[in-house]
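Below you'll find the structures, each written out as structure tokens.
Here come two complexes built around chain A, the first alongside chain B, the second alongside chain C.
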Partner chain A sequence: MTPLVHFFPNMYRDSVALMQLSTKIAQLPGIEAASAQMATDANIDLMVEAGLIDQRPAARPNDMLLVVRGEEASLQTALDFAEAALSEKAKGGDGTVQKVPPRAIVMALEDEAKGANLALISTPGAFAAAEAMKALKLGLDVMIFSDNVPVDEEIAIKRYGHARNLLVMGPDCGTAIINGVPLAFANVVRKGGIGVVGASGTGLQQVTCLIHQAGEGVTQAIGTGGHDLSEAVGGLTMLTALKQLGGDPETRVIVLISKPPAKAVADKVLAAARATGKPVVVCFLGAALADVESRGFDCALTLEEAARRAVEALKSGKATFRSDHGASAELQGRAKRLAASLGLGRKYLRGLYSGGTFCYEALILLQDVLPALQSNTPTKQTARMPDLWRSSGHTIMDLGDDDFTRGRPHPMIDPALRLERISQESADAETAIILLDVVLGYGAHENPASVLAPAIEKARAAAGGKGAPVFVAQICGTDADPQHMDRQAEILRAAGVDVSFSNAEAVALVRAVLENIKG
Partner chain B sequence: MIDVQARDVGADIAASPFAGAVEAVFAHACTVSLDDGRRLTLLAGSEEQGMRIITAFAGEWGRLHPHLHVGRRVAADRGVLSGSGFRIDYRRNAALWQSPSFPGCVPADGWRPGLLEAKAHLDAAMRGLAPEMTRTAAYLRFADLCRKLHRREAADQALHRLVGLGPGLTPSGDDLLCGLLGALAAAGDARFETVRRGVMPHLDRTTSASKDYLAQACTPWWTGLLHGFFAAIAEPEGDIPGAFRRLAARGHSSGIDQAAGLVTGLALAAGHSDFIPLS
Partner chain C sequence: MADLISQDLNVINIGLASFGDVIREKGAKATDLQWQPPAGGNPKDAWNLALLTGDPRIAEANKVAYGRFLAAQPVLVGVKTAREALPDMDGKIILHSGPPVKWENMCGPQQGAVLGAVLFEGWAANLDEASRLVEAGSIRLEPCHHHRAVGPMAGITSPSMPVWIVRDTASGSEAYSNMNEGLGKVLRFGANGPDVIARLKWMAERMGPTLAVIVEEMGGLDLKPIMAQALHMGDEVHNRNAAASSLLFRKLTTTALASKRLDAKAVAETLTFVAGNDHFFLNLSMAACKAMLDAAHGVPCSTLVTAMARNGVEFGIKISGLDRWFTAEAPFIEGLFFPGYGQADAARDLGDSAITETAGVGGFAMAAAPAIVQFVGGTPRDALANTLRMLHITLGQNAAFTLPALDFTGSPAGIDARLVADTGIQPVINTGIAHRQAGIGQVGAGLTYAPLACFTQAVSALAASMTFDI
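On to the complex of A and B.
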């Protein structure tokens, strides 16, 4: 008895339909057995093994194979029956409805996230603006962690948000504290009376941490994303944030953090700041004191000053603090001890930062005293490193920059690259100081000191123990962070690291050590 | 020209331009072979999500399906996939799906509480399936594979006989392997590499749609429903009945087969020799 072997090119019905078809054909008069299958090699092999067919048909995996055994006169009837059945339109489901997990913002709002008022968006950049717009249309504030969002899309969503008094934090916004909740890379900071708006993630982290360390707290810490104060975007998020903080009765002092914006943008932002009617501390890192003070604002030259002056303004209404650590006898004593421990010929600074704003602030604070200073992210007054993978002279690097993070995690999360670089810089006989930032909080490494300390001890031993480079670190964090600031400091100090709690202080110490070496 | 709105889109489907040709059209799915050698799948009326899947609303599929013809060119630009007579917008209002990460380690309890509960649901569902020759053969060969995973050559031979075996658009053998690959990747188990290397050369032996799923499992990427089931097993208070119900609703037996592969793989990786379901 020769079986009927027929294949239907590129034909598919679900397996239930195929099993039903097989059963119905097998019940036709004169038919002994029938099987309908996708014509994959494995299925055909099995049919051959089972003796259903004698040889392999020339079918492909996307074809449907029908094999029928029976009386020869009945085979054509079976094939006609199959063709008629397969040409019928596929039937729908049984009409039952099951609860599905949310796959869209609107679905989440209807169920699990009922009452939410903020959407945090982390998608590839090409999709982020579309998701943000959906959230804004639903009346949500938005934080966009994604980067690589086209600037025209950023402008469109920010205009939409600004017109409706909705925040669009980002794109490329990595830090915020909203209603006491740290979002993305942020620290555990107590609630208080200071509102902070910043175009820089680590800048926001430093300022909020130092406010906490000074015994005060924040109402909101609002990130704007790095492009917000560009001429194209025009500071739309900062303007919205200022309006919201101005209308918030719990916010009694406001801090603004950014690199110096274009003049037209600065004018708009400062006008909005004035319109809040509240004390505003302006920290345009790298701007001249007179430029800001001449417009009637309190000007902070460092992130530390921004935090401390805001606390002073809140407590007494008068801000006086300056990051003048160089004048401190205690700091000079530390500098002398560190300089005295260095071996002959060690004379250069190697800054290995994970925070971009810390790197930028260090460059600003040292560029006047170290004219040959180099960086992978240079300022106008400093030089670009000729070789990113080999330092020379005084060098300060942002290891979190795209140059170093393509295809690998950010150094705040994965310290591997920085550990390699610590070993490399220590082995250079001209390295005097290795300057580090240690950023704590949510998103950061769970115990950064525990991986840095052994690497530092090993590097110092390899560099000759006594006379090896000195390590200066600033910890950006709080005693309430999961990593706990004081415990991190203890671990680093036990490894011989000089620890500060502000970048400005660490940089002042570095400067004093270098002056001692020269002297 | 009809305009179709996608419901979900996988994150690996670039917003940048690409082009290709329709490779296969099924009742509720379509595979597209891209000029860069990759593939994407269009699905309809399914809860499934994947890194290289665009899912249309079931109602939209009825309008789209008549325009899908094997060999016809399609092209995508700025989040719109266009072909002869249709446009699919997968950017504006589609939810983006990103494969969650794989933990890469076995927890101290070896997922035991979750696995025991999952296995009970799996056993009940499997009892409800009608016997089918190729599916039964796939399960027997999968069990054979699990016993041979520590021997590379033997595992390769078992995989050769398993890929593409079983009923349906995604044959049971492939679904079992998708589950197994997800489990071994989640556990950080070295046998993942044995299976991946053994599967890749045989991808052309199965249907186009199944090939996509297997290739994604080898990357490794999760698909949405399979990850939902894994997460429910791994979490202390996970909704295992709900996650299993959603996965099992995939195809006739595909979801159950994937669940069986996952539970078996997790039990294997965690060394629960007392209840490895299919070994």
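On to the complex of A and C.
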């Protein structure tokens, strides 16, 4: 087999360019080996040593030598390829080089994000505290949406932030509104004079939405994350938030939302609340009225009360609102109509919540009146459901809990799980009421009513139409949310759903319906 | 810190991009990170990295270390044998490249080169005898770096070999390198045949003493200016040294011709040898870089990387604040192969020459030598992009080494181990590819990247050595 030996006269190419060319030619079909080199003595030696050529041509150092071994038919193709490659013109790029997008906080601060003051972290939990610590050490405040953060890391970042007046919202902080900007899952709420700080995401959403619906607005809504008021963490973020709200001239009334904390933590937090010198409405959901009032604070027993009493405090200085919807003739009328439509034997409540705090609030509002109330997230007074996947008796579930969201999206984002459950619960002949929350705002499903309504209609038809369970929904949102609260309500009402705009009202309605069944 | 709620929001969004969209829609500023788990995806290392981030002690230490690096003035001051010049070279000792490695674990080229050095020193009469001697542990095998020295590829340096002596006149400390034998069958690729040993002997007996006189009569040679000039002539002074070698040749030649002490035949032989080797300057470039980085080494708490070196088995780095190696498996090299060779023939990354990248030249100055990027099928634009990418993991730009393609600003220099661990951007290295068997030589060249694990280990080790107020 004779190799192709071809000289390109007066052709200079860099040795690297020639290696590249050689490699490309060698990869052509039918080619065994190829080498393109400047035809110096030394290079020709290399070709002989490599066994590419047997006969040594004379050196021509200004020429380029191409040697190709392979099938006879392929050699001309190889030569054509080489000629084409060697006559190629510069691609004429514009000289611009693509920038490396920022991959780390410190890198972003050098350039695109110069002057940044908040890191919003939604990475896997195992890395979230490290990202937060980096941000804090670089002088940024942080909001950590991620959950499953190791508690020792949570304590470390909160201590670090607290000592430096840096807010550490979260871990597991689903919502915040800072200077009018909604962060993560948040509603579009008017600016106003009320500052809200809370350990619960949906609690904050409910209170801010109801403030908006009452015609007022918020300065800030600061989420602390669900574990902030635990004894281990000690309310460090709540303390920083209260200090900042205290110093904020725009904030004239403060709302504080949490489950009842341990006494030591409550003492610290309430002392900080007092130190703001501003009216503070305290909503320790589940605490007794006297416990809070005896410490000299206005006490809200429901999220709705927290919102409405704050608005009253802002407007008149005097808070009087109580969530006593049961006393309303209008609500009683709705309850009677709903109860009357139920078929015989339908007697139980099935609450299918997506918001954990709504579920909790419903449990504390109903636990004294509904014996044997069950939940996947029970309170001290209620029972744990024996089987997560089959309800019995009165059951109120948080479908957003880890029980249900492990490995699948949250029901506020993806309704699939709740739709299945709606059909399952309405197929149960003992189900009287299916209670739902519909959370709007950024981060939530773009049109939740439009997927719930057909599922509800289908479920009702499957349950026999007349006499089927009734559906009670509360919408947590505002008219300024991307989903439009009123439009969502219309869609649900058209599907025969009773719509409330606060959880407390929906729960009061449920209670009245159940009382009507009993009666 | 000022209250967050009194400021306009400027958010760095880490994780779900949709959260950033909302913030921007509402008129506030948000920058989405292209986030990936830092520190190679190990949460413990990621936490340690966070502890070191923004630490004022480290910032101060890095300022000191980087300042010393920039201030270093490497000057070629002499040529002597390794025995005379290097610390602790008594008895039977052979230095190798990279972090420490036992004889039985060495890669092929390094083993071959060790045996060659035993023959060269006359400690054994043949290869079998040499093997037995080494296997019996009669010869100390230690890294060049432990003797203030560096050597390309196998890095083999034995007591009778001539070495360059480079003194940092700012700190007064010295660094050393063996001399470049040229291409083909050479000791640094593990060849140890009679012609290789003969060349080494000639280098020791004729070239070394000749260069010693020339350097002495030159009265020292500033190396930074030569490197700087070469960077404007298409070299990156790691894998392309044609310009720097020519510049060196000019200096050597004029002095040699004027010398009255030198034998004309020895001068002719020496200069012919130098002229025939485009990589002759490489070893001087390496010694200069070693001198600059040694000046920066040993500042407590500093995360500045002061060495990157490979032995064909492991890749090792050192940081200024901790005098120990952090190692990971040496990578393979992505590149082009000489005719007749392919990836299956390649050894893992080998040699101390990554000291050049550590000092901000080589791959870091790829924009100066765009031809290099063709090894991986790139364009000059890719070469520039590689250099620009290194800006994100370095403490600054070295004004002594300006690059035309960077608008004549300095090359990125001073690798911060934290930045590598945090961004996942690995230092790029231009390098030759050795055959995995001893003695075959160079089979290609290309690009590779320093393993991330070295940097995350360094970060965690430094974190463990410090206390934090958290």
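Quick note on the criterion: the second predicted complex is superposed on the first by the 421 of 519 C-alpha atoms of A that agree within 3 Å, B and C clash if a C-alpha of one lies under 4 Å from a C-alpha of the other, contacts with A are read in each partner's own complex, and residues count from 1 in each chain.
Definition applied: contacts are C-beta pairs under 8 Å (C-beta built on N, C-alpha and C of every residue); 3 or more make two chains touch, one makes a residue touch a chain.
This one's a predicted model, so the numbers in the text were calculated from it and none came from an experiment.
In the superposed model, A:L183 lies in contact with chain C only, and not with chain B. Between chain B and chain C, C touches the greater number of residues of chain A.
By the touch criterion stated above, A:R159 is placed in contact with chain C alone, chain B being left untouched. In the superposition on chain A, contact of A:A130 is made with both chain B and chain C.
Of the two partner chains placed by the overlay, only chain B lies in contact with A:M38; chain C stays clear of it.
In the superposition on chain A, no contact is made by A:S375 with either chain B or chain C. Using the contact criterion defined above for the overlaid structures, shared-chain residue A:A104 touches chain B and also reaches chain C. Look at A:V16: by the touch rule set out above, it reaches both chain B and chain C. Residue overlap on chain A between its contacts with chain B in one complex and with chain C in the other: 14, 16, 19, 35, 46, 50, 93, 98-101, 103-104, 123-124, 126-127, 130-131, 134. Partner chain B is touched in their complex by these residues of chain A: 10, 12-16, 18-19, 35, 37-38, 40-43, 45-46, 50, 61-62, 90, 93, 98-101, 103-104, 123-124, 126-127, 130-131, 134. The touching residues of chain B, counted against chain A in their complex, run 7-8, 11, 14-16, 23-29, 45, 47, 49, 70, 79, 91-93, 95-98, 130, 132-134, 137, 161-169, 171, 173, 204-208, 228, 242, 245-246, 249, 251-253. Contact residues of chain A toward chain C in the complex are 14, 16-17, 19-20, 22-23, 26, 33-35, 46-47, 50-52, 91, 93, 95, 97-110, 112-113, 115-124, 126-127, 129-135, 137-141, 145-146, 153, 156, 159-160, 164-167, 178-184, 219-220, 222, 244-245, 247-248, 442-443. Remark: chain C residues 1-16, 18-20, 22-23, 26-31, 33-38, 43, 46-47, 49-51, 53-55, 336-340, 371-372, 374-375, 377, 379, 381, 384-385, 388-389, 392, 418-419, 422-425, 444-445, 470 touch chain A in the complex.
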